[in-house]
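First subunit A sits with subunit B, and in the next complex the same chain sits with subunit C.
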Partner chain A sequence: MEILGNIIIILGIIFMLFGVIGIFRYQNFFVRILIASKIDTVGALTVVIGLAVKHGFSFFSLRVVLLLVLMFIINPMVTHIIARSAYESGQNIDGSVDDIEEGNE
Partner chain B sequence: MHIFQARKNDIPAWIVLMLVWIILMGELSLYALISAPIVSFGCILILHKFLPTAYIQNVNFLKLIFHYITLVGKIYLNGFYVIKIILTKGQADITEVDTNLKNPFLRAVLIHSITLTPGSIPLALEGKKMTVLNLANPNDLHSFEDINKLRQGLEKALIKAEQET
Partner chain C sequence: MIYLLLVLWLFLAFCIIGEKRNIRIVIYLCVFSFISSISFLILGSPDAAMAEAAIGTFTGIFFIICFEKHRELRFNEKNASVFSRDEDPPDIDDERAVQALLKLRKKARARTRGKHNAKSILQRYLAPGLFSILLFILFIVFLPGGEANPYLRNQFLTQFSEHVGGENAVTAIYLAYRVYDTLFEALVLVIAVVAVIHMSYSSDILVKGGKPSHVGQYVVVVSVLRVICAIVLLFGFYLIMNGHITAGGGFQGGLFIAAFFICRYLVYDIYDLPITKVIRMEELVFLSTVIFAVLIVFLGTINHLPPVFHIVYMIVMNFLIGLKVACGFLILFYRYIAIERR
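On to the complex of A and B.
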């Protein structure tokens, strides 16, 4: 179980590594946030599953699963709020920024 | 008396909250077993006071669990797609799709599930229309088709949760 757990954790870290490469590779804000949300979900999900598998059926594993549920609820909300506020602030998907202040034309 | 009658439908939520409390305590002690029902009852009282629970009355939560199980599969599939985009070439694109869900709570669950799926973040939900930010390959840009396919896949289980109650 411990070896299997370690393999799953390493897979999660590899997912995160690709996410970090993506964030450095792209300069566009929206592409970056789309890639960063991948680290939140796939990477963290895999690492947490790996931790639960490694420790077997225990209170620790149940707490880790509870943490996973909280991550599932909170992470997408944070990503959505950041992306939406950028979009409504005038950030365009091509990287340009609209001047939305009144009187500035 | 009125309070206890209103709480009769909350028994499944009460049991789940008790289990969560015992897990957080980390042991099956007498203190945990006595405090769990009291704390979870308090949580349900607060929930009824501050949350619009009318929206969740027509939702089958067991079907919703199946939705989240299928969602994990979609998260991994799209995770590999995003890795492909990271290693090749990608661009952000905004597209609009309509949802068939009637219940506002399930629409929120759909939006939440789309955000959990790598490569897509909903920006707005106005009525039935969703505005979704999508990560796509600039040489093969099919944002609407991609998001619509994702929406249809996720909506299947959610429609069942909406109807069979």
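On to the complex of A and C.
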């Protein structure tokens, strides 16, 4: 059980690593926010699931699962509100780097 | 190793005091927080080291961005003044004026760079260096043992449940051993609130009407926040009431209670709290916190009182601090709403 939990936690950290690489790799705003949401949601959720599996059935696991449900609800919502407000304030979906700089000014 | 770092630390502090150019002060500040982060790590507190590293990085970046903006602004102002002075000769266009300005700045920079020979550098850094070494020697001579003293740490960590009660050492420290620090920390928030109200003063404390918040149109956000709202309020009270057992306490719980009101505003567009009464209430709560803590302290040290009273003391203090923090953040947020909807 503990080895399985460790494997899942390492998987989550690998997800986060790919997300961090992706943020620096791409320039488009919407691509980057998609990747950032992957860190928030997939990476963090996998790590939390790994923690719950590692501790088995206990009170600690119950609290971790509650936390997991809250994260599952809140994190995609945050990404949604950032992306939508960026779109409404005039960010082009196929915007290149120049467009982004113009949009900031 | 730690002694070397501490000497460097003092030296940087004196450098910051003596420096006149802003950008160098910021760089010194970053190095200062880097060194203090390493020394925290060596002294065995990785959490403080991480916090210090994060603070140093963010403030450094923030200050440098601010300076860039400020320099752009001042450069534009200079440009404008040049154009207004040379209004009559029409042959000088923007490009040439900018080029001339750049040349002037280069010259000035070269002049200042010429000044920095070895002698002036020695003059500048000799005094702070010597003074910091002197202070450090004094520090070592007059400190018993000359090393970091673990007495207080052991005292706090092993005996807090006899002295204060509860199961959370952090709560024991900030409500009993260091209660004056906590009071001043709460005072900082009061001062911040007073400053915000004073800066953004207007006769209409509570703006009626105006444009509603944009978040109300976001269907996903509204339907999620409507569920989260109640959980946030419950979690805030949970943190306050269990501050002496688990992680948490008045400050965190108060923040969550304020977050409940923020969620309520975002979802339902309701902000009908009478803000002048909230301000009065914050002052009263702060006063009662101070009076309660000082009364307990003057009644005698807390370990002379019966152990049942310890838990009551901690719960009441956590509750008062939580109420105060909630009021403070609520006032700040309502001020921003009033400015936004004007």
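To be clear about the criterion, the second predicted complex is superposed on the first by the 95 of 105 C-alpha atoms of A that agree within 3 Å, B and C clash if a C-alpha of one lies under 4 Å from a C-alpha of the other, contacts with A are read in each partner's own complex, and residues count from 1 in each chain.
To be clear about the criterion, a contact is a pair of C-beta atoms (placed from the backbone, for glycine too) under 8 Å apart; a residue touches a chain by one contact, two chains touch by 3 or more.
Fair warning: this is a prediction, and the values are worked out from it, not measured in the lab.
Partners subunit B and subunit C, once the complexes are superposed on subunit A, both fit on it without clashing.
With both structures placed on the common chain, the touch criterion links A:21 to subunit B but leaves subunit C unconnected. By the touch criterion defined above, A:45 lies against subunit B but remains apart from subunit C after alignment on the C-alpha atoms of chain A. In the superposition on chain A, contact of A:70 is made with subunit C only, not with subunit B. Applying the stated contact rule after C-alpha superposition, one finds that A:33 touches subunit B and leaves subunit C untouched.
Of the two partner chains, both subunit B and subunit C are touched by A:80. Between subunit B and subunit C, B touches the greater number of residues of subunit A. No C-alpha atom of subunit B lies closer than 5 Å to any C-alpha atom of subunit C in the overlay. Shared interface residues of subunit A, touching subunit B in one complex and subunit C in the other, are 73, 77, 80, 84. Interface of subunit C with subunit A (complex): residues 214-215, 218, 220-221, 224-225, 227-228, 231. Across the complex, subunit B meets subunit A through its residues 20, 23-24, 26-27, 68, 72, 75-76, 79, 82-83, 85-87, 90-94, 111-112, 115-124, 133-135. Across the complex, subunit A meets subunit C through its residues 70, 73-74, 77, 80-81, 84-85, 88.
Of all the residues in subunit A, the ones that touch subunit B in their complex are 15, 18-19, 21-22, 25-26, 28, 30-31, 33-35, 37-38, 41-42, 45, 59-60, 62-63, 66, 72-73, 75-77, 79-80, 83-84, 87, 93.
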